[in-house]
Amino acid sequence: MAGSKFAYVRNFELPDPLLPGTFMVLRLDGHAFHRLSAEHDFVKPNDERALQLMDHAARDVMNEFKDIVLAFGESDEYSFLFRRSSNVYNRRQAKILTTVASLFTSSYVYHWQQYLPNTRLKYPPSFDARLVLYPSAKEVRDYFAWRQADTHINNLYNTIFWALVLQGGETTTQAHETLKGTVSKDKHEMLFSRFSINYNLLPARFRKGSILVREPIPSETEAHADPGMVLPDVSAVEPEKKPRVKTTVVLVHCDIIGDEFWAAREYLLAD
Amino acid sequence: MAGSKFAYVRNFELPDPLLPGTFMVLRLDGHAFHRLSAEHDFVKPNDERALQLMDHAARDVMNEFKDIVLAFGESDEYSFLFRRSSNVYNRRQAKILTTVASLFTSSYVYHWQQYLPNTRLKYPPSFDARLVLYPSAKEVRDYFAWRQADTHINNLYNTIFWALVLQGGETTTQAHETLKGTVSKDKHEMLFSRFSINYNLLPARFRKGSILVREPIPSETEAHADPGMVLPDVSAVEPEKKPRVKTTVVLVHCDIIGDEFWAAREYLLAD
Amino acid sequence: MAGSKFAYVRNFELPDPLLPGTFMVLRLDGHAFHRLSAEHDFVKPNDERALQLMDHAARDVMNEFKDIVLAFGESDEYSFLFRRSSNVYNRRQAKILTTVASLFTSSYVYHWQQYLPNTRLKYPPSFDARLVLYPSAKEVRDYFAWRQADTHINNLYNTIFWALVLQGGETTTQAHETLKGTVSKDKHEMLFSRFSINYNLLPARFRKGSILVREPIPSETEAHADPGMVLPDVSAVEPEKKPRVKTTVVLVHCDIIGDEFWAAREYLLAD
Amino acid sequence: MAGSKFAYVRNFELPDPLLPGTFMVLRLDGHAFHRLSAEHDFVKPNDERALQLMDHAARDVMNEFKDIVLAFGESDEYSFLFRRSSNVYNRRQAKILTTVASLFTSSYVYHWQQYLPNTRLKYPPSFDARLVLYPSAKEVRDYFAWRQADTHINNLYNTIFWALVLQGGETTTQAHETLKGTVSKDKHEMLFSRFSINYNLLPARFRKGSILVREPIPSETEAHADPGMVLPDVSAVEPEKKPRVKTTVVLVHCDIIGDEFWAAREYLLAD
């Protein structure tokens, strides 16, 4: 074979398997999205269309990767949780990272027009990604709590900041100055007293972020569902042959810091 | 801070720096491009429009990453060479891999319409990527020789294969059978005697692949060029302050297995 | 500084931290111990003196590394379990691996004379080591069960094998032949019927291996103990300041496959 | 098999191959050798016996690992260079690191008595080790230059420091104070004017460190040599079958910062 004398270069490709038995969390971040949102006139403080586009791209990723059981999105970032026992691509790190980052990006560009029909995409946007391993369920819950707490903090700040600018007539510099040293309670009050905004009545999407969760489908509706998740089945008679449960991906905007969300979905962290 | 009690989860993010002083080669591969080319009626054996789209996406990557000095593309894959001393993103592996894979994909989807104006893209295509380190110039040359030899082998096979099918009326199964056991010389002769095709006169793009090479621009034309490459400058009086040379990315379809290409561009492997 | 222009070579030292929140298990194996045991006339099938020397070296390691809570030894190998939250050497892999391997080896050579007073050590013996991460308590238990099951299998085989050779007059080749295809029950019976050996009455050290376990010392005897383990303390009023409990390292030769051992020492896998 | 249901724990052992085509440099460092030298009354500023013991242990390592072509020792540290194409243990990092660290330590303890016959070793000493990859010959040379420059700086300081203490009657605190701010030239002069010591006439071992270099043996003396190094043989008629050259390990105390040492031994960095 003509190429065989060069094929030794493949020996430099080193294996990169991720530790089994751990939860993989992959987080995507928009690259230079300050510029992207400025150049495409994203609505401030939140552009619902752009957030929906992110959700769409994330859903496309989950439809392709059945081992992703949960995703959380806010602003220009999205985190994906693979179930603990996932053996996707034999847990090869670069393969997983790049395929997810590529597919998400592809879907984002592909569906742009659908969500922002009157805004031409001026140039190709991109994302980076990292993959973190968590050994236990506790750390996974704390990871998602960390991201949702971040959503809350950022959104509260941005909401009052842009109210000061867009409704209050302050410059962005003045608005930063106005908010310096304020705590959460101050911001709530300022929003209400100066702008008649009750923060807690704002759309849950902005306050809580987007949660895409894979849920099993009762068997009578199976026909319409994606095949997917292997649910841990304690009562199974044949432990070797777990029934492959039809699943669907549901979008919610609820609290994931407390116990309720997780208690209702123990399978997320079970296996 | 509300999120601070969860912030410990960041401790699970481990560093992933790549060994300094080595050449990074990043190779992208299309994910399920057999299906993509079938569903979008790519011309066989080569669809020039689809190849030009790949080249465009690769060029966008090189315009963003000035440390990439060379790229080689064939079919649905593209390889990028970073100069040896590159410190892009502090040589963090996941960051480099995902940003390049994402940007390439983004550009591919973004420019699809421009190259295949009459073919609606039916779904978001994706790529995976891997990154390999090569310690010396010899291995880098052999890597690119390996890919170009592969281009030659595949293209010769595909050219005669599709001639047998499209012009010779064979089924794909028959064509595979016809070619079983043939060597390169047989294929050349079969192409010429049965289909009057002189393989060596086929477009160089198909036979040699696409080479995107970063080249310095003579100073009088600097104004139109991208700033970029730091060329090794042996004669520089101040060794600490190398002049930043304006560069441009040139597309060629030439031999890169022999010495000529490299001898004319010693800077590619110098630094 | 004279050396400063060379100091850049330190940049090639890459970080190698191990994932937090996982159990580190470090396993040492004797290098070429077939030869070592042959050249120093180790008693067959088990040389108690050599096993005690291994135990001594392992204990020295545990006295130095307070985060090791359990060790298991058989033949020429020893496994060490670090508590899950250990931050020894900031979890740097090479540092942990080499320091433990070096100290164990050093102690082995240092104390040789004490355990084999009439056998001069003919040359320096060595060990290799590997480090494996386990995310959960279940896997840690299964790891130690795997090693103890291995001890059982090997020891049963070696016991009957050497009985055939030393008492039965078979050559080693004949003995291997005699044992081919026999299962556990056959070996037990052969031992009893031909050599009047009741396997279950053989020393527990040979049948179960050596378990070194770190145990807390009741406070009245604290003065004689090594300070060490930080025990998880559910009732602590000040969660930030766990009392440092005095511990001691105890040698036992008991079953660690079943639940009893672990149920009596929940702290081993707690933290 | 009794243990088979636990054997899955082996899946957590991940591969750790080192990049091919790079020079591996392994550096050992004494663990807490300040205490070791104090408790065993090492001669100040240099204890020739202890240094010879280090050299002996390093030589034992080189006799075992034929791919180590060079070693450099000073004080309580030793660096080993593997030839670039070494495939020892399939370049598995943990295996190489721990075996070398263990063997060095073993030899150190084993031969202690021989070099310090009147000093009983009070406890088992230990070493740690790290492994660094260098892509090119230049970096390897600079690595060894870095260590030898360090030897010079430390030894000059220690020589005058201990002269001030042992001959000059200063306390260690006073001696540090006396030397504060002095440059190399000052120290040379102080040594000569106050203690009549011509630094350049001190033993080369102290000033230059210990270099153990693998050298080929002319064929007529082959019988007495260790088989070892595969020398790159440009004139070989059969390139696939390089003659295995007998080698020996030679101890020298010469300059390795300049070109002379390396120019006389091009094979060290050739392959």
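Order of writing sets the chain letters: A, B, C and D. Residues in each chain are counted from 1.
Note that a residue touches a chain if its C-beta (ideal position, glycine included) is under 8 Å from a C-beta of that chain, and two chains touch if they have at least 3 such contacts.
Note that the structure is predicted; figures quoted are calculated from it, not measured.
Residue-numbered contact pairs of C-D overlap by over half with those of A-B, the repeat interface among B-D, B-C or A-B.
In the contact between chain A and chain C, the residue numbers used by both copies make up over half of all numbers at that interface.
Centre-to-centre separation between chain A and chain D, using Cα means, comes to 51 Å. For the pair chain A and chain C, the distance between mean C-alpha positions equals 44 Å. For the pair chain A and chain B, the distance between C-alpha centroids works out to 31 Å. Residue positions of chain B touching 2 or more other chains: 12, 14, 19, 21, 133-134, 139.
Chain C meets chain D in the complex at residues 1-3, 6-10, 12-14, 31, 60, 93-95, 97-99, 101-111, 121, 123-134, 139, 142-143, 145-146, 149-150, 152-153, 184. Chain C meets chain A in the complex at residues 19, 21-22, 133-136, 139.
Note for the complex: chain D touches chain A at residues 11-12, 14-15, 17, 19-21.
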